[in-house]
Every structure is written in structure tokens, then in C-alpha cells.
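Two complexes are shown next, each including chain A; its partner changes from chain B in the first to chain C in the second.
And then the complex of A and B:
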């Protein structure tokens, strides 16, 4: 299951790069602080700090960014429990029972449950990744350009179709992303869509575009919201009761395991991510629990179910990213961009040639999950003040950091201008429910898709029947069409059910209004 | 908009967005074809562009929503532009638009005004847009953001950052 010699080398990397360990705590704190501020998502936090990793070596950069990822996973649950405001969309299900526990005066225990579930399931997700990496490497090394193209197209289709309420909008966003990713000179030497701008010859700068789409566009949409958190959050923090909650988590191994498996599986599928897995894990735990009636009224199992899925999902999404080089969503897209900034290409060749580095990244993530336990408890003491920071202060400061971050990447005004253009595009796409991560991933994968497609074309000498000689590619295409058809059918059913429900509500509303306006007789 | 007996509400913003995307995709396809008709040039770009244009046709009807006449009249009165009460969503949109313009000015004027002045003015404007009115807080926080941003990034990046005062 594990390549022992590569594992030994990984331990060597881990202990010889002690300086990289220094980035764990700052990364966790940044993730915790950003995610605890309502409106700032995990992806935004990572996008904003991405340029800072440009001047680090590859391993410390990975340690820093994955620490932000780990910290943000738990950070969002603090306002979810104390204020009933999910800090990030991934913490939505945590509010159901977390806030109910808080109202009963059990906020310390709820935070303990959430923190320990995050730590244990974060480690579980990475242990699983450590075990499957070797078998995965054997499989992905057999992948040729046709299969790689099929997998990338499948990933884009999933991102497009699952990331939005409307499949057509999702697929339009994915296609737009791919086209933007092909701007400039392709591997065959043809230059398209540059408008004569020399900076576009190498294509659209992916990092400023990504920061614009994922961070700046969302920040602009917060301009109308100024969260004012009242003193309700200033609850007493008790270390003893937090630790009691941590200990209590161990009483529910079934909930932890179920949540972890749901998190890993859903995290590995492009386009779904932790914002859905926490809800599915919560619903499944509630459905199978004997005391399901107490869910939503402060049942600790609700908190554990939601948090375990979020934490383990990180390992699942890293599996897809490391093995195939395909990001499952915004956060892993940022990690891929960090790989690219250091001239490292994730995917089959990465785990083949740099397996010790892949193991070192995984092992360091386990260390981060343990450190989170300590840093997380410290953060809970400061959290009530962090959550009270008003949007009017956070917004300008973060926008300035994001703008200068893009300048740090490109070294010229082209970076901030790209950020602005893509912030506008991202803002408009968000407003009309287009999945922005599909555009981001398209920009990142557009060039790779074109190169793999060209290689497949050259290998097949232009014969489309060549795909029949590649059963792997055929299977991937078959699964892609079946999953797309099933998603379309599911969404159609869901829309019909929602429309019927809305019509029923409208009828009731009209009937009520009629009853109120009709003068009573007698 | 009425077609026959049916009234339709048009989402002009969405319509403008997808038409702009479709126009850009169409232009990109023409630009790629004008470079070369070689398969090595158009292998991915042409089918994806055609797919995107097909998706545009699928999305287009979503910009037109059937409404019954009563609901249309009610919606129109609720969104009366002369109404004294501006809906909350509209004031939010105004703030977002103002912040977007400020961000646009920031990126365009970084080199002209200098990073320090541009950042200071942007922070000031963004705080006012987000609702801060206290002059001391406005000045102090804008100065703090400018100082931290300029000295922090100057220490981190190897490129020169043109400034006027700092």
C-alpha cells in the first residue's frame, strides 16, 4: 500500500525542512481568522494569500497554503456555533445543532466537538490518501493523452453541471473557462485572441484571474453588507468544557467514520466539495440516528457529522489533485496554481517522479491537523473579537492586499488590471448563478486540455475510431455521459418539485389574502 | 413584455451578460479561424466555441420568465423608480457599483498617482462606500492600510513599487 523507500525519503524531506514547519501556525491562524469573518470563504482566504507563497520554496509554500486550508475548515464553524452565522458555506450544517447547543449554554462543548472532529477526520482523510496514493499511482501511470483528455473533460463537466442550479449555465461557464485558458500561443505555435497585447502571448495570467474571480468578485458583493455582531457572542470560554467536548467526540465513532467517508468521497468528486458534503453527512446521520427527533435542538452528533465531512474532504480533494492534476474546486485550483508558480505540474508524472514530496505534503497535513487542536483552542478565546470586525474595515484592506498580491506575481500593472477585469466577470457570473470555479478550472486546464487533445490527434493520425482502441477512455466518456444525464434528470425532477411546492404556497397565500379581504357577513 | 396574452418579465442584466459572453466567444472563434484553418489550431477551440454558443441558446430562454398580469403589475409598483423608498437590493447594488468603480480607478491609477496615494484614496473611498462616516477613523485606518501595504509588500517583492510620498 505504501512505497516504503519513498516514505523514508518523505520523512527526510519533512525533518530536513524544519523551516517549513514554521509556516504551519501562521497558515492556520490566517485560515481561522479569515474563515471566522462572515462572508470570507476558504477559497477567498487561500486566493488572497497565494501571492505570498510565490517567494517561498515549493515545500514551505505547500505547507503554508494547506495550513490555511486546514485552519479555514474549522474557522468557519466558530461563528456558526456562537452566532448562527456560518463563517463559510462549508459550516452551514454546523449551525443546525451547534447554535442550538450554544443557546443551551453548551457552546464550549459544541466547539470542542467541532474542533476534535475536525482534527480526527482531517487526519483520517490524509491517512486514507497516504494508503491509496501508491495504488492510484499505478493506475494513473497507465493513463495516456486520450484518457487524460477524457478525465479533464469529465472534471469540467462535473464542475459545470454540479456547481450550479442550472446545468446549461454551468456548462457555458466551463466552456468559457476553457476558451479563456487557450488564449495566446498554443503548443503548435498558433496565436489566438491576444488583441495584439504582448502580455497575452503566454495566455491570461492565471493567478491574477483566479484572485479576481474567486476573491475580489465576492468581496465586491459584500459591499452592501455590514455585519454587526452584537455582544451575544461574548460568551464565557472554558478550556475544561472545550476539552470535555473534545473527549465526548470519541463516544460517536460511527458518526465520525460515516462523516469522514462521505467527506472523502464527495471531496474527491470535482464540483461538489465541502459545502455539500457537510449537509449530506448531517442528513445521513440524522436519518440513521435513533434520536433523530433531537437533531436541530442541540444534538452533538449533528455538529460532529457536519465537521467530520468538511475536514476529511480536504484529503479527498487532494487525492484528485495530486493523482490527476484536476482541481475539484476553488481551493484545490489555488493549490494547483501554487504548483504551477513553482514550475511543478501535479498529476501522474508528479506522483511518479516526486512521490516522496507527495508523501511529505500528506504527512505535513497530518501534523497540521494535530497543531490545529492547540491553535484552534487558542483561537476560540480571540474569536469573539475577530467576528466583530466590521465589513467596512475588512473589505478595503483585503482588496488592497489582493491587488498588490497580483502585482507581486506579475511585477507590472497587467496583474492588477487582470484582477479587475476578472473581478467584474466573476461578480456578474455569481449574480446570475454561474459556477465561478468552473471558469477558474477552465483557465487552469485549457492549455493542458488542448495539448492532450493535440497529442491524441497525432497518435491517432486523425482517426476518431482510435478511441475504440482505448477502453479506459471509452469507459470514462460513458460514465461522463451517464452522470451528466442523471444530473440533468435529477435537477429536472427537483425543479418540478420546487415549482409544484411554490405553486401550492402561492395558492395558499392567495386563499389567505382572499379570506382577509372578504368582509365577514352576519 | 407581452406576447399574445402572456406577459414576460425580462432579466436584462442576465441577457446582457450572456449576449456579451456569446459575442466574445464568436469573436474568438473568428479570430482563431482568421489565424489558420489548420486542425492543430482549431482542434479544441472550434468545438468548444460552438458548444458555448449552443449553451447560449439553451440559457437564452431563462432570461424570459412567464408572469401573470397581476403579479407583473404588483412587481412594477414595487419597483417604481420614482418611489421614495429605494429597495434595499438597489442600494446594495449602488454600493457594489461604486466599489467596483473605485477598484477600477485604483488599478488604473497605481502607476500614475503612485501606489501610496492610490491605495490611501481607495481605502478612504471604499470605507465611505461601506458606510463609515467618522472622519478620524477614516483617516487613521486609511493611513494604516497604506503604510502596512506599502512597507509590507516592498519587503516581500523584488519589483519596484512607484510611490509619491513613501
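And then the complex of A and C:
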């Protein structure tokens, strides 16, 4: 629980270093812009600014880097909503309903929903972190391969909610994605499918592959239009409607809470991150929603579910980093490096000796979430103007920027080549009506599925009863099956009700017809 | 000024070209005399934030001072350093590309297991200050207390304890060697593989596996969460004095040293540009002995010990030879 005297000292640090606050806005803007560029992930955005932070003092450097983190968490959803191209893998699930909303001319609202969900759940994640910093860290270490495998399976269940005309093609596409995700050297040291190319030893780079698959098909489908949104009246940029979306978020506290909890827990687990939690949060929200049929067609709950998991994941990931000194994901690995470069080693001893500093960092992150609201509104106001530009100018620009993005960070041609190959694949898949998102889910989850299954197998020496020794894994599987069963039950009841209603209607219709016909008879 | 014809322009540019090509053709020794005249790239074949990245960035200001030119860190991660190593070998041997890397065991492993298109001898060490050793450890609240206990339990039943390790690593070789010395059949063990030291350490600290065999240095931040059982080193390790040596467990086993990290160049550069090589060695030596550098790096848990090129090269080649000897254990 919270240490009151350390908390007071933390407030002291916070208010005595007002100058550090100046780094919040530049950090947020850098994060927003980099993450909005397809091909640059949150981790990359932070890696780019890491050397800059070397020349700052410790606290301002932390403020700056975590601001980039906060900004990047939201930035990716802007192209996801406006153009159906996620800026980072974390905002993949945002495209499902976000883009559908923007096609209906509700892009202002969609961005508002996403932004406010980000702000609220970002704060929520950090409040939770403040309260349960140490216990959470201990739980995280106890999560083993079986539990992780259960989480990966849960993520795969999203496939059921993607919806496709042909079930067989959907499954085939997912299988292809998983196979692609397992290319390279696996955790046991075996190499598969690299075709002798050393660049593939670490697997297919997921970001250029994802951008290639999604952007290519999307850009080609947009190329036939003059503007991203056909209707001229719908292309407006309206502050009022953005704020309306923000306000509307508050109508879904359940979605926010569920997304936040999924985000915090999955964000805290080392090796998994918001690129998976947004999928799980979306799938769960859709499955439990009464109006699940409208998901994917522009239901604001879909946007909120995805964004809340991404934003709260930051807090979870920071918990693991601060309390254990181990990175929850790529972004916190960069933060740890920044700590070390300032002669501070995060971990149990850091929490013991410098608790006020840890609290100050957490508190500052809450401030950042609030500032994000203001900076974010400005950013989306500017970004939404892309709707007013003809596609013939926008599309080549996006293609160039995405290609550069995949090239710039590593300076290797491997990124653009992957992008190109997967763009071709995406085009072919689209042409023959295979669902591209299923392939993306497979690529994002394939490696994790395989790695954790293999480790579970090694650990249990092949004995499936081992799962009984892992209460955590059993709990995850139980929740999963209960939620599945409830959905099935709900669906059945709904179908029955609909059938009854239909029967009733038919009856009435018949009766009416009868009533109409009787007089004529008489 | 208007009588400046196209022909004149041609003449001038031709003259310029001749001058440039003259410079290029100049004996390399002459160019070396003024080395370095421009920024030097430091190739780090790992991602931003890893040990070598932090080492290069922390050491950079002190090395810059000695060389009189700025350094630029170039991260080329991937394929267990193979991509970065190939990149370094493709650079001209002019002294403007040096490396900061975990030379051993990564370079030998890429050669032995990935058929990398270069030889171990293509790289020459300037100084390898960081020496890591395999540590066998268990979670701090785990039931096992000593390494002898591990051996005893596994002898009775090889599947009684689960083992966490990174495949194709020095740690893996050490684990197999130790169990072979204890006459335990490694094929019956419950070995859980991790693709990196970090995940293997987390699994050990969180009691996911009963015993982990991982590079010890990375355990330092998690020190309170683990119990060291045996460290695979000949003498007490300076940065982890409470870790019992493998020799103390009563087991007579050969072992491979863990990661050796630090500064390296291509052998081509050393042979073709002896002057530049000498400049680099002197600069790294002076910077490594700079008391301020030692103090700063120590705070970040980074090593600055000066072993020199001969000792570093020997340690690197010894490691490579041992890796080659035990390569069958790794496959």
C-alpha cells in the first residue's frame, strides 16, 4: 500500500522541479508524431530520443521519456481511425471500429473517444500502480509459461470476432499468420523458414509486415476515391464534435474499467505488451456486449476498449520496471537504459531507497495524461485536416512516409523489403477475399503461442496434468471458458427470443391477413 | 565574369577530380598521420539500451577526449550479432568504424552455429573489460540451498528439478558439462529454453524453473530475489563475491567463460593500418585508466578494467576454441 511520508516527499520533488514539467509538452508531441507515422513503433520513438535524454538531469529525463511513451500510446490511433492504418501495432484493434466510425463521418467523435479513453485509463493505470506497486511486481514474476500460453490463446479468440464471409478462409488466413510469426530461430534454438537469409533469424519484423498487409490493401481501396470520406459534408473538422466524443466516453465506465484491468495486468507481464492487450480487450468487450453485432461497424465501445488497454498498459509496464528492474516491453527496456545512464538502477533496492522518486515519476505520469488531453486535442485537430486533402496527394505521401519509417530507424533495407513483400501478399489476400486482419493477429501472436507452448511442454515433461499445479493458468482458462459459455448462452437466448418474436410477428401477420380476408369472404 | 565557358568549367572540375583521386591514391600511411580527421562510428550489434549500448554511450565522452573527434553510435542489432559483424567487416579499413560488442561468445557462436560468412580471426580485440560468468541460481525462497543438493536430487531423479537456460550459449555448455561430470543423463532432464538471458533470469527469480543457468552480471538488479548456487569461474568474482565457485561444490568440471564485452576492430584494420591501430589502442587505454571514467562507469555497473589487446585477444580466442571444442553439446 501507499507510503504516506514518501508520497509527501514525492510531491516535494514534483513541485521543486517545475522546470522538468517543461519537457512534458515536447515529449508528448514527439511521441504523438512518431507513433502516428506508420512504421515507427512506441519503442522506436523512445529509442530515437534516448540519446537526447543523456544530457538532461535524471528527473527531467524521466519526465521527457515517459511523456514520449504517453504520447506514443495515443498517437498510433490517429491514422488507425482516419485511414484504417494503425500507426503502431498497439492501435491495431482501434482500426476495427474507429475507421468504421470515420467512414460514417464520425471521425471527430471517434478521435475524441480514443483520446479521452487514453487519458482516463492512463491515469487509472498509474493510480493502480501507486497503490499496488510492490505486490503487483511479485505477482508478475509468478506468471509462467502456462499462464502466458493461456493469454495467447485468449488473444487468438479475437479471430472469432473479426468476422469474415468464409470461416474456412478466415482460419486459413490465421494459420498463415501464425506460421509467418514463427519464422526464425525459436526459443529452443531451431531455425525455420529463413531461406538462408540472416535478417530473418530474428523472425519477420512485425511492424513493416503489418503496415504492408494493412496499408497496401487499404491504400489500394482508397485510390479509387477522391477523398478518404466520400461525402463532402462529413469531412469537417469540429472541435465541438471531438469534445462530444470525449464526453461520450464517460457513458461506458464498464468498458473503461475492463480495458484498464486487462491493460495493466498484460502490460505488467514481461514480454507481452499493449500490442496484445488491445486485441484481448476488444475481443472481450465485443463478446460481452449486448450489441455485439454492431462491433466492427462503428461502435464507440470498440474504440474505447482498445484504447483503454493501451493507455493503462503503460502503468503496468512501469510497475514491473520500477519494482523489479526488468522490462515489461521494449519501451520500458529503453527507460531502464535511461535510468542506468543516469547512474540509477531500478529494481527492489531503488524502491527501498528512493521511494519518493518512484512516486514522483508515477505522479508526473498522471499529470502527463491530463496534459495529453489538451495536446492531443490540438494534435487531432491538426491531423484530421488530412480528410480535406485529395487522396491522390495523401496516398503517395503515406506510402513514402511509411517506407521511410521502416527504413529510418535501423537503416537497413530489410524493413522496406518486408513492407513491399507483405504489401503484395496483402493485395493478393484481399483480391481473393481472405481476411487480412486474421493474418496480422497470427503474426502478432504466433511467436508467443509457440514459445509459451514449447516452454510449458518442456516444464511439464509433456504431462498435461501439470496445468493443475498452476492455479493462475486454471483461473485464466476458467474465466475464458465461462465468458465463452455465457456468450454462447446469451446468443442462444437472443436467437430464441428473436425466433419467438419472428414467430409472433408471423402469427400476427397471418391473423391480420386472415382478418383482412374474412370480410371479403363474408 | 560572363566569359566563364562550359570548357572552363570542365577544366576546373577535371582538375578537382584529379586532386581528389590523388588524395584517394595517397599512401595510406600519410593519411594515417593525421587520423582521426572526422567522426568515428562505433558499431554496436545490439539494440539501444543493452549492455554494449550503455557501455559505448557511457565510455564515449572519455574516448572522444583521447581521440579528439566525436564518436557516433550505430546500433545494428539482429541475428545474434551476425548482422552487425557483417556490417563492420564491410566498412573500409580506415579506422572510422570500431566496434563495441560482446565479442565472446557471440562471434564464435555465429560462426559455429549459424555458418556466418566470416572467421573468428577476422576480428581483433582492443580491450574486453567486461567478463561475465555463468551463474547457477534458484529463487530466493526455493527449496534448494546448494549446488551439491541439485546434483544429488538430479542423480536420484533427473526430472525432479526443472532447468532454465538459453540454448546455444556458454551457459548451456556449462550446464551440460557440469551434469556430464556428475554422470547425470542430460537427455532425461526437464530443460526449459529461453531466447535471451533476461527471460531466463525472470523465470529463475519467479521460481518458474527450479534452477537457472544464466550470465551472472544481469542478475545483479534482481540479487535479492535469487540465491546463487554456483558461479562458473576459477576465482572469486569481483562483482558477486558471495556466489560460491563451481569448484567448491566438489564437482570437477571444465567450463566456458561467459560473455566478454568491450572494444574491437577488424583484423584487416589492425594489419593494414598499424599506425591507426596504435592510436586506437592508446586512446582506449588512456580512457580506461581515466579515474573519472572509472568512477562514472562504476556507478552504472559498467566495467572499465584495462586488460590490453594481447590479453583480450587471448581470452577471446580461448573462448572461441573452447566453444569449437564443445560445439556438439550446443547443437
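The working rule: the second predicted complex is superposed on the first by the 281 of 522 C-alpha atoms of A that agree within 3 Å, B and C clash if a C-alpha of one lies under 4 Å from a C-alpha of the other, contacts with A are read in each partner's own complex, and residues count from 1 in each chain.
Criterion: a contact is a pair of C-beta atoms (placed from the backbone, for glycine too) under 8 Å apart; a residue touches a chain by one contact, two chains touch by 3 or more.
Keep in mind the model is a prediction, meaning the values are calculated, not measured.
Engineer: Could you tell me if A:188 is touching chain B, chain C, both of them or neither one (first, second, both, neither)?
Structural biologist: In the superposed model, A:188 contacts both chain B and chain C.
Engineer: Could you let me know whether more residues of chain A are touched by chain B or by chain C?
Structural biologist: For chain A, the partner with the higher number of touched residues is B.
Engineer: Look at A:345 in the shared chain and tell me whether it touches chain B only, chain C only, both, or neither; answer first, second, both or neither.
Structural biologist: Once the two structures are laid over each other on A, A:345 reaches chain C alone.
Engineer: Just chain B (first), just chain C (second), both, or neither: which does A:179 touch?
Structural biologist: A:179 sits against chain B, while chain C stays out of touch.
Engineer: Applying the touch criterion given at the start, work out whether A:132 contacts chain B, chain C, both or neither, answering first, second, both or neither.
Structural biologist: Neither partner.
Engineer: Touch test for A:50: chain B only (first), chain C only (second), both, or neither?
Structural biologist: Once the two structures are laid over each other on A, A:50 reaches chain C alone.
Engineer: Kindly classify A:201 by the partners it touches after superposition: chain B alone (first), chain C alone (second), both, or neither?
Structural biologist: second
Engineer: In the overlay, answer first, second, both or neither for which of chain B and chain C A:377 touches.
Structural biologist: A:377 contacts neither chain B nor chain C.
Engineer: Thinking of the overlay built on chain A, is A:467 touched by chain B (first), by chain C (second), by both, or by neither?
Structural biologist: A:467 contacts neither chain B nor chain C.
Engineer: With the two structures laid over each other on chain A, which partner does A:450 touch: chain B (first), chain C (second), both, or neither?
Structural biologist: The answer is first: A:450 touches chain B but not chain C.
Engineer: From the superposed pair, tell me which chain A residues show up as contacts to chain B and also as contacts to chain C.
Structural biologist: Chain A residues touching both partners: 186, 188, 191, 411-412, 454.
Engineer: So in the complex, which bits of chain C are touching chain A?
Structural biologist: So the residues of chain C touching chain A come out as 47-50, 53-54, 57-58, 73-80, 82-83, 86, 113-114, 116, 159, 162, 167-168, 190-195, 198-199, 201-203, 205-209, 220-222, 224-225, 296, 299-301.
Engineer: Sort out for me which residues of chain A touch chain B in the complex.
Structural biologist: Per the touch definition, chain A meets chain B at residues 52, 55, 166, 168-169, 171-172, 175-176, 178-179, 182-183, 186, 188, 190-193, 216, 220-221, 223-226, 391-393, 395-397, 399-401, 403-404, 407-408, 411-413, 416-417, 419-420, 423-424, 427-429, 431-432, 449-450, 453-454, 457, 462.
Engineer: Which of the residues in chain B come into contact with chain A in the complex?
Structural biologist: Residues 11, 13-14, 17-18, 21, 25, 28, 31-32, 35-36, 38-41, 43-45, 48-49, 51-52, 55-56, 58-59, 62, 88, 91-93, 95-96, 98-100, 103-104, 106-108, 110-111, 115, 119, 122-123, 126-127, 129-132, 141-142, 145, 149, 153, 156-159, 161.
Engineer: Which residues, counting only chain A, touch chain C once they are in their complex?
Structural biologist: 47, 50-51, 54, 140-145, 185-189, 191, 198-199, 201-202, 270-271, 324-327, 333-334, 336-337, 340-341, 343, 345-349, 410-412, 451, 454-455, 458-459, 461
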